Structures are given as C-alpha cells and as structure tokens.
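Mind having a look at this structure? Questions to follow.
Letters A, B, C and D mark the chains as written, and numbering starts fresh at 1 in each.
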Amino acid sequence: MIEGKKLGEAGRVLRYGMIGGGPGSFIGGVHRGAIKLEGAAELVAGCFSRHPEDNQAAGQDLGLQADRIYANFEVMAQEEAKREDGIDFVVIAAQNMVHFAASKAFLANGIHVMCEKPLTTSLSDALELKRLADANGCLFGVSYSYAFHVMVLEARERIRRGEIGEVINVMGEYPQEWLIDLMEQTEQRQASWRTDPKQAGMSNCVGDIGTHIEHMVSFMTGLKIKKLCAKLDIRGEGRSLDTNAHILLEYDNGASGHYWCSQVAVGYDNGLKVRIFGTKGAIEFVQEQSNYLRVTQKGCPPQTLSRGNGYMTAPAAAFSRVPSGHPEGYHEAFANLYRAFCEAVRKNLDGVAVDESEVIYPTLEAGIDGVRFITKCVESSSQGAIWVDL
Amino acid sequence: MIEGKKLGEAGRVLRYGMIGGGPGSFIGGVHRGAIKLEGAAELVAGCFSRHPEDNQAAGQDLGLQADRIYANFEVMAQEEAKREDGIDFVVIAAQNMVHFAASKAFLANGIHVMCEKPLTTSLSDALELKRLADANGCLFGVSYSYAFHVMVLEARERIRRGEIGEVINVMGEYPQEWLIDLMEQTEQRQASWRTDPKQAGMSNCVGDIGTHIEHMVSFMTGLKIKKLCAKLDIRGEGRSLDTNAHILLEYDNGASGHYWCSQVAVGYDNGLKVRIFGTKGAIEFVQEQSNYLRVTQKGCPPQTLSRGNGYMTAPAAAFSRVPSGHPEGYHEAFANLYRAFCEAVRKNLDGVAVDESEVIYPTLEAGIDGVRFITKCVESSSQGAIWVDL
Amino acid sequence: MIEGKKLGEAGRVLRYGMIGGGPGSFIGGVHRGAIKLEGAAELVAGCFSRHPEDNQAAGQDLGLQADRIYANFEVMAQEEAKREDGIDFVVIAAQNMVHFAASKAFLANGIHVMCEKPLTTSLSDALELKRLADANGCLFGVSYSYAFHVMVLEARERIRRGEIGEVINVMGEYPQEWLIDLMEQTEQRQASWRTDPKQAGMSNCVGDIGTHIEHMVSFMTGLKIKKLCAKLDIRGEGRSLDTNAHILLEYDNGASGHYWCSQVAVGYDNGLKVRIFGTKGAIEFVQEQSNYLRVTQKGCPPQTLSRGNGYMTAPAAAFSRVPSGHPEGYHEAFANLYRAFCEAVRKNLDGVAVDESEVIYPTLEAGIDGVRFITKCVESSSQGAIWVDL
Amino acid sequence: MIEGKKLGEAGRVLRYGMIGGGPGSFIGGVHRGAIKLEGAAELVAGCFSRHPEDNQAAGQDLGLQADRIYANFEVMAQEEAKREDGIDFVVIAAQNMVHFAASKAFLANGIHVMCEKPLTTSLSDALELKRLADANGCLFGVSYSYAFHVMVLEARERIRRGEIGEVINVMGEYPQEWLIDLMEQTEQRQASWRTDPKQAGMSNCVGDIGTHIEHMVSFMTGLKIKKLCAKLDIRGEGRSLDTNAHILLEYDNGASGHYWCSQVAVGYDNGLKVRIFGTKGAIEFVQEQSNYLRVTQKGCPPQTLSRGNGYMTAPAAAFSRVPSGHPEGYHEAFANLYRAFCEAVRKNLDGVAVDESEVIYPTLEAGIDGVRFITKCVESSSQGAIWVDL
C-alpha cells in the first residue's frame, strides 16, 4: 500500500518505470523524489544502468520486485507491455545518446514516455519519435522542468492576457561556474559525459542548459524563433564541445532576443534568468529566486510578486503547494511537471482524448523545437556565427 | 510495496501514524509530503479529525486500511501499541490544545512522538511530557522545521567553530501580513483557531511564530535566555490575543537580543530572519532566501554562501539534496527534520542508545524552552513589559 | 565672483561661516561640499580648530581672508555681526561639547545657526538655545541630514496622505561595524572623541546614530514618543560609553516601535533602515539604497519606487536633482537640507516671517527631541532598562 | 573669491568655459555641479545656447561677466585665448552635431577640451580632432563619466592585478525605459534631439548609451574589440534611429562578449551593468548600485565590496570621498573625472609633460574608439547584422 493520493485529490496513483537514473546519476533521483512529493505514481520497474551490478543494486535499493529489474530497456518495454499491472509510463533519465532508442522501444509497445531533455541528438531522430508517438497513440513529455516553477506559470498567464503588450525584446541567460576547472579529469561523472561528444552529442553547453532558455522563453511567450546567429566558445584546455555560447535571435513577430549560456561563468551556480520586454510592460524570472516574479507596467514602479498570494492568477495558483513565504523549489517544479503529465496520462488511460495543443507539459513539439534549436546553433557557429533560418 | 529507501541509503522505512492534519489543515500535508520526499516512513494509521466523516474521508483518501482509521487518539495509541506491525512513531499535527493529551497517550504506550510546536499550552504540561518520555524510553521531537534549512545548519556549524567569535548581539524577526484583516471572521480556519484563546492558548503571535525565532537562535548559537522584557500588542478590532510583539533579551553570556514577530506587518509573507553578531564576524539567515547565508568576517566584505557548494561544512552538506543553484525550500527543511529524527528512531528500535544531547532534531528540552519562552513573554507583557528572569 | 545660483533658480547666494571642520574632521568637509553642490552659500569666515596652526592652515586652504579666520567663536560672532558683509548664518560642525556654547554665541549676536546633531549634551542646554533663538529672532537648523534623501521626503509625503493608514508599528535600525576594534587606541580621531565621555557627553552610540533613527521616524511619521525602555551595551574592553543599544518604544498614538543602533555590528557600514507599518500599508527606507523606497499596499505586491520617476509626489520631486537611475547620495541629502534652510534664511533676511511649524528642515524642536531621547535612553538604561516617560 | 581647493589639497583652481548646457539641458548642469563639488575650477565664460536670449539668461544666471557670455563658440575661443585670465579649458556639453566644430575651434586656439560623448558623428572627424590636439599640444578629455564611479576604478585595478585571470567573456547591458512612449512628440527636448538623425547623427541608442558599455568594458579590462555583429532595432512608430540594440563581440584576446542597450526596456531607469568573467574569477558592476562591487573567486562565495572600506585598492580609494555606507553617486563620478582631468591640465599649465598613456581620464583614443564602435555597429546592422572587423 502506498500513500498515493494527495488528501482531497481525486487522481489515482499510476505505475511507472525508469530508464537510467542509477548510481552516480543526479537527475534520476530528482524525478523519483518529485513523483513521490506529488504522490502521482509508484515506481515498479526499471533498467537503471548498463552495468548489471549497478542495475541490480539500484533496483533492489528502490524496492523493486526482482523480475521487474530489467537488463535492457527493450526487454523491459516488451515485458511491461504484456503485464496486467504493467507500467503506465516510463521515465527516461539516461544520457542523451540513449533517449532516442529507449523512447522508441516504449512507444513501439504503446507505453507513454517522459524523457529528459535534450530529446535526441539529431533532428531526424526527434521527428521520428513524433511519428511513432502519433502512430501508437502515446503521450510524450519532455522534462523541461524549470518551466514548472509556479512563477513561470504566472508569467506565462500574464503575458497571454496581454499585460505586457506585444513582446519586442527577450533576454535569456543561464550562467554556471562548475566547468571552469577540468572537472571531467576528476571522477565527476556529470562532467565526463557532458563534455564528451560521444555521449553528449553535438553540443555540451547549449544542449544542456541553452535549451532550457529556449524552452522557457517559448513556453512563456509562445514566440517562435525565425532565425539565429550563434557563437559557441570552447573554453578549457583539451575540450571539444562548447562551454559558453551567445545566441542572437529574431522571432516570428519581429522581436529580438539574446540568449547566453555558460558553464565557465565564475560566481553563478544555476543562474537561469529570463526577461521579457513588451510594449506595455516587462516580466522577469530568476530560477534561483523561483518564488518571486518581477512585473513592471510602463511608467510604474516594479512589483515583486510572491508565490502563493491572493493576487496570483488561477492557472498558476493551481500549482502552488504551500503558503506564500514558504519557499518551493526544484523538487516542486518537477512535481508540477508530473502533475500536468500524469493528469493527461490518466485521461488517456480512461479513454478520454487528450488534445496536445492544450496540455501545458512540454510535448514532442517542444522537444523537437529544442533539438532544432541546438542543431541550428551548432550549424551557425560552425560557419562563423552566421545567421541561419529555423 | 513503497519506494522507501533513497537509492544508496541504508535507512529502513518506518511506519507512522498521524493525529490531526485532516481536511482544512495545512501542516498535516506538509509533514506527509516531507516524509514522502525523504522516503523515511510510511503512513499506516491516523486520527485526522474530531468530525467522524472528515476523519474517515481523510483516512481513505490517504489510502489507510479501515481498521487503522481511528475515532480517537487514545484508542489509536493502545491499538497500535498492540500490533506486530504497529506504528514506529506518531506525528501530532493537531491544534495546540491537543498536543499535550495526544502526546501523553502515545508516550504512555511507548510510542515515539514528533509533535508540532508550540509543544503545550502550559509549562507544567511540557515538563510532564518530559517525565513521561523519560519514564517510557521514548524519543520525542518537536517540529521546529525552519531550523532544518541546510543554511541554518551551516550557520550553526560555523558559529560552533568560532568563526564569528563570542556572540554579543542577536536580531531576530518574523513578520507576516496575513492577519492585517480580520481573517477569523471569514472561513479561514488557520486564522480562526490561532486568534481564539480557547484553541491557541495564552498567545497567538509569539506562540505561533515568535517561538520559531527563539528556537532558531538557540539552535544556531547555543545561547540560553537569562531574562526578557516583552511587549505584546493586540492589533485588530475585537481580538484578545497578541498579533505583534517586541521582546528584548539578555542571554546567559551577557549578549543582548531583540525579537520581533508580527502578523500585521504589511509587505511580508513569512519573513523569518536571524542575524547573529559576534566579536569576530556575523551571520545572517533569511528564511525566504533559504538557500543562502550571509557571512562576514570583521574587516572583510560580506560573503553570500550558496547551498551545495564545495565550501560548505560537512554537517550541513550532509543535508543538501540537489546541486547548488537548484532551490530547496520548505519541504526539504521538513524532510531534513525527519531525516534526523528517523535516524534516531531506527537506532532506538535497533536497541542502540540515543544520546539526546547529541541529536540535532529539537527534543523535549527545546519544546520546554519554547513553552517557557512564550509563558515568560506573556507574563512580562501582562505586567507592563517588565523584565522577567527565565 | 562665485558661481552661486543654479541655472534658472532665483535664490541669491548667502554668506556663511563655520565652527570646527578643520583638519581631521570629516563632517566639516561634507557641509562645505554640499553647500557648494547646492550653490546656496559662500564660505567667508571660520574658526576651524582650537589649535591656532590648524585653524590658520584650514582658513587659508579654504581661501578665506586673513581677518576672517578667527581664533575663537565668540570673537567671530561679535565681529561678523558688526560687518556690513558679515555672515548670514554659521555652521557648527565642531564636537558635541562645543555645540551649546558656540550656538549661544551666534544666537546672542543675531546670527542664524545650522548645528550638527546631537544638539547639546544636556536637555537644559537645548531648551536654553530655544529660548535664545526665539528671543533673538534667529532661525536654527539641526543637521539631521539623512532625512533629506529624496526618498525619505517621498515616504513622509505618502504617510501624510494616509497611504499606509494609521501607523501601528515601527522598526528602526542603524548598525555599523567600525568600532568592533578599539579604534580609539589608534590615531582615528573620529573614534577617540566619540568614545570619550568628556567630548561626546553621556552617550556614544545612541547620541551619534540612535538619534538619527529617532529623528527620521519622527520626520516621516509625525509620531511622538510616549515612553521608552532602553538597554545600552558597552562592548569593547575599557570603554565607558555605549556601543550598542536596543530601545523599545510606545508612541502617543499607541503604536509600538523598536530602535537598534550599533557600532559593533560586523557586516554593516552605515545601515540606517526605517520600516513604518500601518493599518493599510508599509514603507521601508534603507539609507545605503537611498534612491529607492519599498512601498506596499495591503494585499498587493511590494513596489520598488525609484527616485526621479513620474510617479513621485511633488514635495519630494522638488528635491530630486538628476534623472531616475543616476544615483544621488550623501552629498545631495546634505545639499537638500541646505536648500530648505537657506530658503528660510533668505526669507528672514528679506523680512518675510518664517513659520517654523511649516519648514521641513529640523528646527530646535527636533534638536530638543533628540537630546531628550538620548537623555531618556541613558536614564532608562542606567536604572536597569526600565520604562521611562518622555 | 571662490572656495576652490579642498581642504588640505594643493590643486589650484582652474578657470573654465562651457559650450551648450543652457536652459533645457540636463548634462550641462551636471558638469557644473560636479566641478563645484570637486572645487576644481571656476566657470568664467560660456556660450550656452544658439538662441541669444537663452544664452544671455543662462550666462547671467550663472553669474558670468557680460563680456564673457559669447554669441558663438568661435569668437569665444579666439577671445578667451587672447585674455590674460582666459579659460584654462572648455567643457563642450552641446548636442552631438556640435562636438566636432566646437572642439576644433578651441584646439585651434590652444585651449584644452573636455567634450561630451559620443565624440563626433563620424570617424574622420574624430581622427581630425586627434591630429589637431597633438598639433596644438592640447589635452582632450571625453566625459565617459560612469567609468569614474569609485567601484569601477576598483574593478579596473583588480583586473589589472590579475585577480580574475584572463578575461574570457564579457556581458554588458544598459537598459532604459524612457523612450517606450513617443516622448519626442511631447516637449521633452532630450527625446527630440536624440531621436532626430539631424541632431544625433547615425545612431540614437548605441550612440547615447551603447557607447558607455563599450567604454566601461575597455576601461576596466583593456580589451580591444576585434570584430562585432550588431542588430539595431527601431522600436516606436515613425522613428528612424535605433532604440534597442544587441551586439555580439570578439575581443583581441579571443574573449567573447555581448552588449545590449535599450531605451524601450520597461522597468529600467538607467541600468548600466557590466560583468567581466575570467579564468580565475569574475567582477560585476551595476551603475545604479555604484557603491558596491560583486567580486567572486573561483570556487568561493561571491563577495560584495562596499566603497570606502579598508580592503579597497589604493588607486580606487584615492577617489573615495565619504566613509563607507554613505552613498556617492552620479555627481561624484563626474567630479572624479574632473579630478583626473584637472590634475593633468594643471601639470600642462605648469609645463610638465603629461603622458596620455598613463592618465586615467578618457582621452581622444577613447573618444575615437567610441565613434568607431558606433560606426561599426551601424555598418554591421545595415548589412543584415553581419560580422565586421574593427
């Protein structure tokens, strides 16, 4: 018996499995913790590592039945699909290179997927997943978790309501310090795979964090990128992938933008910050201060909105868990992502059609946009930072 | 089957019950969510409300077996004590007036207790609980949760190491806005019981939030209050309990201090802030910015420490869950409280002696200190804000 | 010829003299710089030091005529009063002990005075000055300069308009670090005289900075202190005057307050901060961020007002010199004080009656309030921090 | 007689004239106020406006002798050069289009010049001024005043000492809100000339504020721009000059950079902010918080340096006027610029050679760099935001 349902909430507890997220993984534990916090689903199956011993250890530590700790994800997909009590969805928290094949395996067996970003390492793979998901009637989420901080939802709603007018300029940044030293030469696994083209794909910095800026701006504003000019820098002796990048953008409505991401920016932990400037107002969100939102109307003093207060809009307030002034953070953002995703999964399981244009969790469209963005950044930069159309 | 143990952690999952925390309660859900996030224990029994229907609904919503949804806490304590698979500890999240009787019932049956603050509504009750716990060999925690933000642990460790020298002055404050209007005349249950002497006891503001300042300062510094002078203000037409209070203090080492708590301070959500000034340095913690700590050495620029970085001390780092720059908040602080408490409970169940002077979760000593503090504040204020010894 | 008048402003340039403010003085240069920035007056006479050589050197450095560098202030007062081109007012920037005698000398000769705070070292002296000024028809300003930051004027105006309702609570603080070490044992002159009862009078910390809190709160709110309870602490080996103080207050309207001042608060340069809480809103001013004001209406997000914007009130906007976003600071606040004072002096010289209840520069009333406040704090503290009426 | 010299300082008071800065000008008054605050020079001549009446009124208001209020700058240059008591230098505070001709007139007559930025409206004009100044042995300053905030000097010194290692990335921004509405259609003169190509030249936003970013980065780091890619946006119905711009850069040492300037960024008054990232550390300066500097060493918590403290470097401390915690601002930065410039002028008048490579005030080199930067930004943008070499 598990404590599943939140008191007073109707949602039934789902069953899920996980790919990756074994020993040494950071993000796997975050997914599991967030799902627990939300009480949305129960972990019942998994394939956590390529290394059999690590895989077994992880599965046992997590309390799985022996026959649901799988040696590979293909077998897992097939077996779970056959079971009466098989998983309702799978979480893919493995490294970038595995996303495509693993997603494919579960979609082929009709199992819904929540996959880490970036979705795939090539645009064609991303498009192939879209085809597969549609063909199999599967839901597919991509875990752009930062977008589910309540105050990002608040910003999105206010922009949709026209509070800041037409967007004319966007400033996005995501500075981190952690790769200023050659961490990949230590035992730091996060650094090793991210700086290795074989495991991370065509980009490190843009792929890992630049893509979060791209998604958050798109999520908040609904703007589409028309063209971009990207300058990717490789800082750090012996590295072959980007650790710093500047991207100039033009959006479909004629607005301009600039994204900066860096893993060599001393003084910043995880400084994702998005500022949206419109003809009537402006909105700013800083991930490290995720309970607040700076909103300014033209000619008026800036206001600092605090999550949980009575002046919040309904769509954002619905995701707020504790009263104002009690900080929510990373786990809650992830939990909110699962709240949105699991609601859709439950509907689907109940035979209710889910209109993907109305869900707020990031779908394959968002995932594809992300891969296209990374691809185009690399393409632009490799040709001398020229402008390329999207 | 539940996902209990955190991957790679040895702690076994405990069983717990809850008193209070039914429909309309805020804090009950926080306890349950934090325990889930930590993966420390499983809810298996409860008595959630005086109202039979509410109680049943809550128990069922939370997935409890029918025979473990109890009509009153006394029966629950007796029945659970008899069961082979009975609860390992109980969480008391009911209103202040219930704390004493409920705690007593479980201690009398040899069941460990985690109780909300303030511990009791009289000092004699608090001392009686201490006697009972000792007599029955029970562990007893008081949920002063704010003290378990990682950066409070960091502050505590640095002060213990002498980084700021001898403490000479303390500034604590806890402003809130929420009672600036007469919320108790609406349906707001939190406001109704807190402003009602029959349910809240002798104090509203000092009892609800002033006591958090008192505990956090004591926890960080180890200082004992020698005497105090308190001015409790009743703001709000028709109220009979304090909604604003100033307390001047002198500590055992000769340091001075001032605590201010308010529920009528416009512009503040939950502004708990503690500043400790020493002969060599100073440390500041702001609860709403719980991932940061301001540390200054004499003659040097202030430093802003950020949770999760390599420069953190080991005792605090042990409670950090996600990398620096990914905000942790209220749920994590509560989860940390349970990490500390459940570790002691496991030891006790394994027959290992727990030395209460070494545990970091707040014990009955802290609970008693809290009740004494509230009592003395009321005593001082009622006599014209005179100085009273503790 | 001096560049006196600000372009487009009608005020004619006055002539002034100075007492104190010679080598080693900090505040004398600030007065002179502020008067120059304002273009309000020209320095033409002075007695800058007890030490004849220092006095001469200062006078010559400042470009004074030889016969207007005076050996003592009494002669200066008499001589200047006789001259056709004698000074219009005198600035008294000498140490606390000199304020009374010097002020008296100039008042007796019918010369207007701007005197540093604290006005005198005893309440009877302060009252005597009031008598003298009235008898001689002299204007008298006390340089509580912090009150003339534009955003303090803004706060004052908004409070007068009722924007925050009835004031119910006040929090004032003024922490500094500079005396954490025994600076008076070095050559630091500022430290030497302030910690010496013979030169500073009955109080160091309350007299030097606590009095600024007292004045600013009074200036912003118009509240009168009804009674107070003060705990003055002497920190620092061998000292005999206070370096840290807590003061609890009750105002005439029943509001409560707390002032904290400290010269041993590591991490603070000059942290004057005043928070006024009312029944409808709250206002906060931080001196080190003097171009901003935090204003919150009940139930609304806090607003950060920035000096110079269109939403400012007229009485404050009149003192803003440069556009929003171009920081003004300490010199401008002082210059504003002189703008207000010199306007009154010009009126007086022109034979226009000045109604002291309408001027905004601090008059003898404010100076007397300040001395009474210091006196009562010392009285309260010396009797064990009891409550004393004002 | 004027109060010129700062007490204890040896510098003699210079005589200066002014071009522009009449009624409706903002910057002229700032120059005059700063020079007064510094006590560096005395205004004795001027040509303040093209409109004879405005010119006369201004000159009289400023207390000038009738024969030194000139109808045009050419006559003024000739006449002042002939006088025994002629001006030592001239301040050119007129609109951009006038800078070149006015500078030329004074240089041709051997008079030192301090000119507003941007230096000229074409690169060839700027180079011509350099030729003239050299030929006539004149000193020439360009008033990039923001660089003279004390904490910018501190940043510069620390970077020169290698504290942050090799610079690898630069982020500069300068957002303002003031042109979000069509202010030029009102009586706002600042807006009218800046948005008019006939008066402002080829660029509005980059020329007015983008150039400040360019200078501050160059001043702090010594980096030269190798190439840039600029996207200038014209926001606002009916405008023909830029009001928003993004500029990607590569410096001579291989570092990357991004500058953003905007006059249509709601929520910002004058948000100049420069962040310099190196291999060992990072430094951030925010103009609106000009008394502070954020300095971070790799792996350490960020430090907030406060102007005036003992830990400051000597070259910066030399420009600090009041103790730490007493805010200095815009006037003081300008005064510091004049401190540096007037020291060089005095040397020159005394026949001492001034080595322009060692002075810290912005010379014609800086002015030329500024014009080249603006020119290249316009060139890049007009060709579709391509990369252009500098």
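Please note the rule applied: a contact is a pair of C-beta atoms (placed from the backbone, for glycine too) under 8 Å apart; a residue touches a chain by one contact, two chains touch by 3 or more.
Predicted, not measured: the structure shown is a model, and the values here were computed from it.
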* Fewest hops from subunit A to subunit D - one hop per pair of touching chains -> 1
* Asked: Going by the average position of its CA atoms, which chain sits the greatest distance from subunit C?
  -> A
* Structure fact -> Note: subunit C sits from subunit A at a C-alpha centroid distance in Å of 56
* Report, in whole Å, the distance between the mean C-alpha point of subunit C and the mean C-alpha point of subunit D. => 34
* To do: Among the residues of subunit B, pick out those that touch two or more other chains and give their numbers.
  => 302, 306, 309
* Structure fact -> Listed in rising order, subunit D residues that touch subunit B in their complex are 295, 299-306, 309-311
* To do: Could you please specify the touching residues of subunit B with respect to subunit C in the complex?
  => 164, 168-169, 171, 173, 177, 180-181, 229, 231, 233, 235, 244, 246, 248, 250, 256-258, 260, 262, 264-267, 277-282, 284, 294, 296-298, 302, 384-387
* **For the subunit C and subunit D complex, residues of the former touching the latter** => 1-9, 22-23, 26, 28-30, 32-33, 36-37, 39, 42-43, 58, 61-63, 65, 176, 268-271, 287-291, 306, 308-309, 321-332
